[in-house]
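First subunit A sits with subunit B, and in the next complex the same chain sits with subunit C.
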Partner chain A sequence: MSDLNTTGVEGTVTIKPAPETPKLPPREWLKENLFSNKFNTLLTLFSAAILLMISRGLLSFIFNPERQWGSTSTNLRLMMTQAYPEEQYIRVWVSVAVIFTLVGASMAIWNAGSRVTLRRLGSFLLSSGVVIDILTLLAPFSGQAKIIWLIIGSAVSGAGGVLLRVSDKDKDISSLTLVVATLAAAILSLWIVPFGHHSFVFERTPRSMAETGTVALTTKLPWTIMVVIGILAYFLGKIVMNRFPSKNLRPTIIGIWFLTPPTLLYLVLRDPDFDMGHVLNTDIPIFLIFAIAGGALLSWFTRPTTGEIGRVCAALVLLAGFGMFFTPMRMIIRILMLLLATFALAAPTFAGDSKTRRRYVLAWLGVSGIITWLVTAVNTPSTIEVPGDFFLGGISLTLLVAIFTIVISFPIGILLALARTSKMPIFRILSTWFIEFVRGIPLITILIFFSIMVPLFLPKGMELSEVSAIVIGYSLFSAAYLAENVRGGLQSVTRGQHEAAEAVGMTTSQKTFFIVLPQALRVSIPPLVGHCIGVFKETSLLAIIGLFDILYIARNVIPNQTEFLGSTRENLLFVSLIYFFFAYQMSKASQRLERRVGLGER
Partner chain B sequence: MPDTPTSTSAKVLSARPPLWRDAVVLKWVTQLFLLFIVLTSLWFLTSQAGDNLEARDIPSDFNFIERPVDIQLSEGIDTHPDSGGRALWVGMVNTIRISIVGIIFATMLGIMVGLARLSNNWLINRLGTMWVETLRNIPLLVQIIFYFSVLTVLPRLTLESGPINGWFHISNKGISMPRVFLADGFYQWLVVVLIGAVVGYYVHRHRTRLHNETGAITSPILWAFAVITLFAIVGIFIHPIFSWVGSIFGALASLFDSLTVLVPQIVLSGVALVGATTWVLRFIRKHRSAGGHLSLVDDDWFRIIFTIAVSVILVFVFISWEGLSSWILNSGRDLFQVIESKFNVDGAARPFDAMRPEIIQKGKFPNYGPSGLTMSVSFAAVFFGVVFYTSAFIGENVRGGILAVPKGQIEAARAVGLRQSQALRHVILPQAFRVILPPTGNQYLNLTKNTSLAIAVGYSDIVQVGTTVFNQTGKTLPVVGIWMLFYLSCSLTISVIVNWFNVRMQLVER
Partner chain C sequence: MSKLFKLLSLFLAIGVVAAACSSDSSDDASTTAAPAETTAAPATTAVELDADGSLLDTVIARGTLNCGVSGSAVAFSETQADGSVTGFDADYCRAVAAAVLGDADAVNFVALTASERFTAVQTGDVDLLMRNTTWTQSRDSDVGMDFGPTTYYDGQQLMARVDDGFDASSTVADLDGAIVCTNAGTTTEKNIAEAAELAGADIELLAFETSDEVYETFIAGGCDITTTDGSALVGRKVKQQPADQEWVIFPATPISKEPLGPTYGQNDSAWADVINWTVYATIIMDEYGITSANVDDHVGDPGEVGRLLGGEGELQTVMGLSADAFHQVIKQVGNYSEIYNTNLNPVGLVREGSANAGWLDGGLIYAPPAR
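Our next item is the complex of A and B:
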């Protein structure tokens, strides 16, 4: 950052913003940037020719009358949720509403959004208007269409020019306003354009038939409501922030974010068919026994005076947990036992006064309750019936697999990274071998292996759906890469931090969890976000195994519909647009986040 | 931790803690416990899988490697392999082929993209940015399938469109271009070029010395290149005089033929033992302090014991496994015999030759003949996919590496009077290369692994062939094992090569 001037004023350091580069008049700008010497001129002409050829080719492809863009706009519902039954669609809308609410509230609570100067907006509009005009001239339009588009382009650039001329230098608007305006425009298009719809018809074999205009009819109202809900949630969040400012606000929202995916998936979308009598007779008593006995045990373990008896008992609980995992019994008991063992092992780290202990026991009650409920919901059959193995498909399947993979691989990856940097040889060797092994083989072999082989590895009576098996395999794969990112962060924590933590008398686990890991994770935010983008992009590999993700639908399902035979290229362009949108937004967001936490400046 | 009374702290420090609080004991108990858990889980899972496979009557053995299979591959060195092993081998060759070609082209394109991103020219700069941002943010699989679907709608190949009068031909069967190949005289010509390289080396040394003594501009590299080129050109006409070189390889082949299995056994075991001993001795010497005191923590002991154990096991394997030694002997003999036969050609053979693409009637449909170099549609889709995708990442690496060279370095190079080209070669590029190489090596690994997406467009790489094999024979586990071994060895090879360059590039610090 050589252009940051630092000047000392009476011991304090102020950082002046970089001086703005003086704006060149267009003529000189062209000369400076495009035609500064012979070689540059040649390059400019060459690349301009390439650019013209590419845009001409793309435009004549897109606006060719043979293109069937109806294939994407008619199959929007198929691409979103595949064959989710239409009469149950209210469940999808509820899930979307929950997510919009959370997004709105989080944006308010984290003060998201920045200010955009009107000048920047003006110059953006100006240049995009010019681009529209140039593209119109290149496109194979008829005379009338060309004129209309030229007028639109000129209008946009004219508006930009006016904005540029009229507005002051410092006037700005919130970027959130712009986002809302864009969303509103998108929704308005639903009210105007009659997007079609393919619905599944169950006659002899399930197949899909096109119905024109239905998607716009049935979704324009829900989408409008969703956006309004999001905006309302934003203002609600603002009010809560101002009226009842609390330290617990952000942790609460983060907790809700973590709980949302499983809740939406298993309670709302999947609609489990609970057998209340069974639940009352078995699941709830098991949970109560574990909650009370485990709570008492943990409350005793966290007492500072318990000492090594507590540790020995914790080790015994751990042994029992592993032993029980391989003996046939109800899954819920195995899982709760393992969870209790983990909590018992971590107990000495959280030992302290009665308040700390109460919080630890409460955490145990909460986590075990949630896990019990989740396991019960997972084990309960669904009432949703769809053709195919899994009740979700399209983008919802992609997002589901991506989110679950990232969430599951996070703790595994951190543990692997800790083991790999540990001084204990067996931990280190096992972790290193695992990481290097997984990183050495392609994802597709792992996915094929898990989708075919997992049923063979399970004991009799245990079943796992294909999607769950794949999420497990994908999580292990992702954890190996994540571990390497976290390891980079761990190595960047200076030795002084370790020594300081030891000097104040922290145990190794306290040092790791309260001193080293927070700093390491903060440093590894950029690679971790990059990793998440990668996980999202590579969910497209599900198509190879034959799951109905968006790529599979675009390549193998839609081109087989009688109306849209051979529309693969159009669908693929649409799918790449969707992936590009999400991935690009995520990478931009990570750059903003990087600047915000001040990485690389300290 | 509860407070310890100060009066007893000295006592506590000097006394040995009880067993269950001893850090060393606890550490090892935990580790062994984890090892136990991992091994038990693995044993449990494999026994479970064994039971389940047996219940479904699918034995997991490797005999499909020798059994005949009914597989037709789209391309490769053998499109009708007679056994499962042969089919997998064809798949491996296909994977390696597309990886190597892909790495070469991705590197060239990536460097261009990186330089474009650094260019002062606004238009070029923006083009580079667009290239990187677009390709990075779209999944590779989507790109590959898109290229495939674009290529398959190209005009159909018909016999009427041939004979091809141009150099290139493109249709829905692929892209065909002239094939340049090594003809019979190549090996003799290679000997001439090698001699030229030796002469060039001495010329280079001489010119460098001249430069160092007189300070004149002697351009040693240019001279060396000129010498080698001269030899190469002359070699095209005179190479038949080197046909006698083949007899040297013949002698080597007969030497390998006469050796017994005992020789490789002794040599290999010796290498293993001597290697382990030197490693342990050096390790101990390194950990000895200046005063001669040796301090080894348990981790170090673990390494020493591990090394010794591995070397003993290796010796045992070498001696007990006679097949390995005889395989080494046989393949050495075969290799030298093959090289010998390469020199057995008549004098008029040319070192290189080229053939134009052609269209022939192959079965029902017309197709490209073997005389041209043909890229099938699936190969082209995977190739363009991985090359474009990887070039975006390599471009970013190149850009980052060049930006990472401090401005002061360039100014300092100017200040000591280096010319622009010298500054580039001796100051900027070595430093930039040090930053670029490690992440680019990672990209090479990724490219190799990404070629496995070929299964989506039907290019017969190892994953696609393997899937066909286990669908026919039901032997999923062995095939997956072969995949993993293959990809692991590919990754290992690439990282060894990249590391070798990396070590050579590292700053030598005191």
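Our next item is the complex of A and C:
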């Protein structure tokens, strides 16, 4: 998953050039591929006619003067973040900036981007110009608009044609430059083109909520800054990589990617109102006790001479952790205890010389520190005041649920897969039952159960917000499917690999984590990415349980505003474009990932 | 090293899961020194619900009113482009907040679907339901709700095209052979089927998931009739009637009664009184013509107005409110007419001549005397 993230939204990967196929002149290419025989010709004409009809229908829908596109442009903010207060919007922009920075830096460090020959660019421009012209002829434009668009289309294809003629065969250009140019053009259009009137002014007194044009004004400058930040981050990443090449660079970035969603959500977007006194006398002392005692314990467990007694003690820590988790006490203690137990169990795998041990203890300190910080932030009241249960909605909620579900269900799914393939009967049976049970229930049932029933079952004094409950339920559901994908990968690892690992004296956990899992996960990339896309798209079921995800807003909320009665279809079209954008980017990222790990080649 | 790192990120992910699922147990909440600790993901502050006390004390202690609304009901509770909630129902939420807390903006609007609205009241997620909920016998008795004074008298009507031979005097009996479009799974579906059967008309019902789909189909000619509450029909006629069609709403007497008003949990008299009298106060002030603009000039008036706006104050203080509670309601939100006109006039609904006119004008809006 981490690799998937780091390739980023517009990153590309260096590809070995495919063996060159001889290029045919256009006329012969057409003849070869589209009109080779009578049947083929018929098929081409038939599908062309259907394509034209669909395009015409779509265009006359979009450009119909009755369409209320104002409903989409006026409600853009509602669709992005729902009711997030305007005066706090800087927090949203900071979050976007962090993500842009990470994308930029990751692209530099992973050497993203490939070379595109100018000829390819030329033929792309030529064909897109032709497509623009055809669409313009189909669209129900007025005479003047038609002429303007025809001129634009012809100009584009003209530029493409010139590029195709003039440029040498080997001249090429970085794909990143193209991406930046496209982004810059999009941003420039924000400054030049008046994209509708983005205002919330209502005739009804006393409800005027914003002045005319404020939203348009507030988005063009931030977006410009965001793109500049992304570009700067890219060059910074390049400099760091060239000046201070280090093996730890990539793992660090992966770690930051993992920490970003919870940090942005709980610390930046939610703006917890920390009570410093409470933090100083409760949270920090608890952390220090765990850090010191746990560090000492782990340092002892990882000593190679400890042997069996260490395992027994680790098991005892686990028992204590479970016991404490179900006893009422401060949440932070329960979580740290469980975390310590996990570390203790894995300790023998990392046994070794003093340097390795020191690293392990440091890792414990780091992880427990981050967790303490997060738990404290989660349990601190937010200062963001919004109507409803949750302070985010729209596409932010959709992305949030999707990202957290994917990240949480990954470890659970892998553990389930390992349990199902293990030789230990209890784990195998429990895991099999869980997977088969969950796969036998529709997702919507699970979501309804977790949103309506679970809050009723919780003991008095324990609370779970609806969104957290749903993320937990959805993660369990997703983990069951994910486990089956991983199991497929696990079974593809040959027996020889197991035996070889055993032959060099690896323990079972070393064998699993260092030999079997990496190979299994590599094989499972395509189904895993398919699963992630599915998780993202199925968040639209949140609409059924009444959460304000983007689909609910587009389908139920906006068409019920007095100003925009009957605007469902416009908004559904817009929302489907957004879903497509994200799903397509995920799919592209997986293709690059597959190429990087050489899937299908070896 | 990088493998170690991968493993550690796995741990971290597990830890984050645990953190996200975290919630505080009761012993934390009861230690007074600790700040009010909320739970996993944000936004709701836990308030201990005293089993014997009234919701009124809880709301005053919390400082905000959790009001359940639809969030997607035209003119009654719309979610606006900036996420705020406006409308007729939303204004009554604000009125109750003004009465109880002295601040009409101290409302936390909770958008509820039709299926979760009663559960939300029972679990205490919302203190009050202002979600165009029809007052029915089973809801009042079996479901465990209590209903306040009706704020809007609605009723199911039908809408058809004049070209198809319908006019304002048409009746359900004229529907014979018609295709009728309506929302799926609502009582409107049952009502029209029942009415058609009684009138001996044979109709074909088409049910859709959202209202917009119903009207898209109606405009395109996919059905002859649409039916839903009269208030919604008027709004659609005003906003969506195409230039080449003329729509008519009939019959004058609706085929069902849909009294809409505040709904709350049962057996909490103190809370019920506060909500009921907030509604009555807006109605009484409307009778006297006291609006948000001139309410300040009438504080010392003799009689009912003076008593409601403060007076000696004991009428309000005995209910657990401050003496000027209803003064704040009128000042910050408005009287019944103001609330009605700001929200419902834009969708073409007018009070004059409807069931929602004051009782002196031949309508049903009536309030008991304040003394």
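The definition used in the following text is that the second predicted complex is superposed on the first by the 551 of 602 C-alpha atoms of A that agree within 3 Å, B and C clash if a C-alpha of one lies under 4 Å from a C-alpha of the other, contacts with A are read in each partner's own complex, and residues count from 1 in each chain.
Heads up, the rule we're going with is that a residue touches a chain if its C-beta (ideal position, glycine included) is under 8 Å from a C-beta of that chain, and two chains touch if they have at least 3 such contacts.
The model shown is predicted, which means the values in this text are computed figures rather than measured ones.
J.: Put subunit B and subunit C onto subunit A via the superposition and say whether they clash or fit.
T.: clash
J.: Kindly classify A:Pro328 by the partners it touches after superposition: subunit B alone (first), subunit C alone (second), both, or neither?
T.: second
J.: For A:Asn40, using the defined touch cut-off, is the partner it touches subunit B, subunit C, both, or neither? Pick first, second, both or neither.
T.: The answer is first: A:Asn40 touches subunit B but not subunit C.
J.: According to the stated criteria, A:Ser540 is in contact with first (subunit B), second (subunit C), both, or neither; which is it?
T.: In the superposed model, A:Ser540 contacts subunit B only, not subunit C.
J.: Output check: A:Phe63 vs subunit B and subunit C. Expected answer is one of first, second, both, neither. What do you get?
T.: Once the two structures are laid over each other on A, A:Phe63 reaches no partner at all.
J.: Have a look at where A:Leu456 lands relative to subunit B and subunit C in the superposition and call it first, second, both or neither.
T.: In the superposition, A:Leu456 touches subunit B and subunit C alike.
J.: Hey, is it subunit B or subunit C that touches more of subunit A?
T.: C
J.: With the two structures laid over each other on chain A, which partner does A:Tyr584 touch: subunit B (first), subunit C (second), both, or neither?
T.: So A:Tyr584 only meets subunit B here.
J.: Is A:Thr562 in contact with subunit B, with subunit C, with both, or with neither (first, second, both, neither)?
T.: second
J.: Determine, under the contact definition given at the top, whether A:Trp191 touches first (subunit B), second (subunit C), both, or neither.
T.: The answer is neither, since A:Trp191 touches no partner chain.
J.: Classify the contacts of A:Leu430 with the two partner chains as first (subunit B alone), second (subunit C alone), both, or neither.
T.: So A:Leu430 only meets subunit B here.
J.: Counting clashing C-alpha atoms after the superposition, which of 148-156, 202-210, 220-228 or 490-498 on subunit B is the one that bumps into subunit C?
T.: It is 148-156; the other listed stretches have no clashes.
J.: Which subunit A residues lie in the overlap of the subunit B contact set and the subunit C contact set?
T.: Shared contact residues on subunit A (touching subunit B in one complex, subunit C in the other): 2, 452, 455-456, 458-459, 555, 566, 568-569.
J.: Where on subunit B does subunit A make contact in their complex?
T.: So the residues of subunit B in touch with subunit A come to 1-2, 20-21, 27, 30-32, 34-35, 37-38, 40, 44-45, 48-49, 52-53, 119-124, 127, 133-134, 136-143, 145-146, 149-150, 153, 298-299, 302-303, 407, 445, 449-450, 452-453, 455-456, 463, 467, 476-477, 480, 483-484, 487-488, 491-492.
J.: Provide the residue numbers of subunit A that touch subunit C in the complex, in ascending order.
T.: Subunit A reaches subunit C through residues 2, 74-75, 77-78, 81-84, 86, 200, 202-205, 207, 209-210, 247-248, 250-251, 254-255, 258-259, 262, 270, 275, 278, 282, 328-332, 335, 338-339, 342-343, 346, 350, 359-360, 363, 367, 370-371, 374-375, 378-382, 384, 386-391, 393, 404, 407-408, 410-412, 414, 452, 455-456, 458-465, 467-468, 471-472, 475, 513-514, 518, 545-546, 548, 553, 555-557, 559-562, 565-569.
J.: Over in the complex, which subunit A residues touch subunit B? Could you list them?
T.: 2, 33-34, 36, 40, 43-44, 47-48, 50-51, 304-305, 307-308, 311-312, 322, 326, 423-427, 430, 437, 439-445, 448-449, 452-453, 455-459, 505, 507, 533, 537-538, 540-541, 543-544, 551, 555, 566, 568-569, 572-573, 575-576, 579-580, 583-584, 587
J.: Considering only the defined contacts, which subunit C positions touch subunit A in the complex?
T.: My answer: residues 1-30, 34-46, 71-75, 78-86, 107-113, 116, 119, 123, 210-213, 215-216, 235-236, 239-240, 342-343, 346-347.
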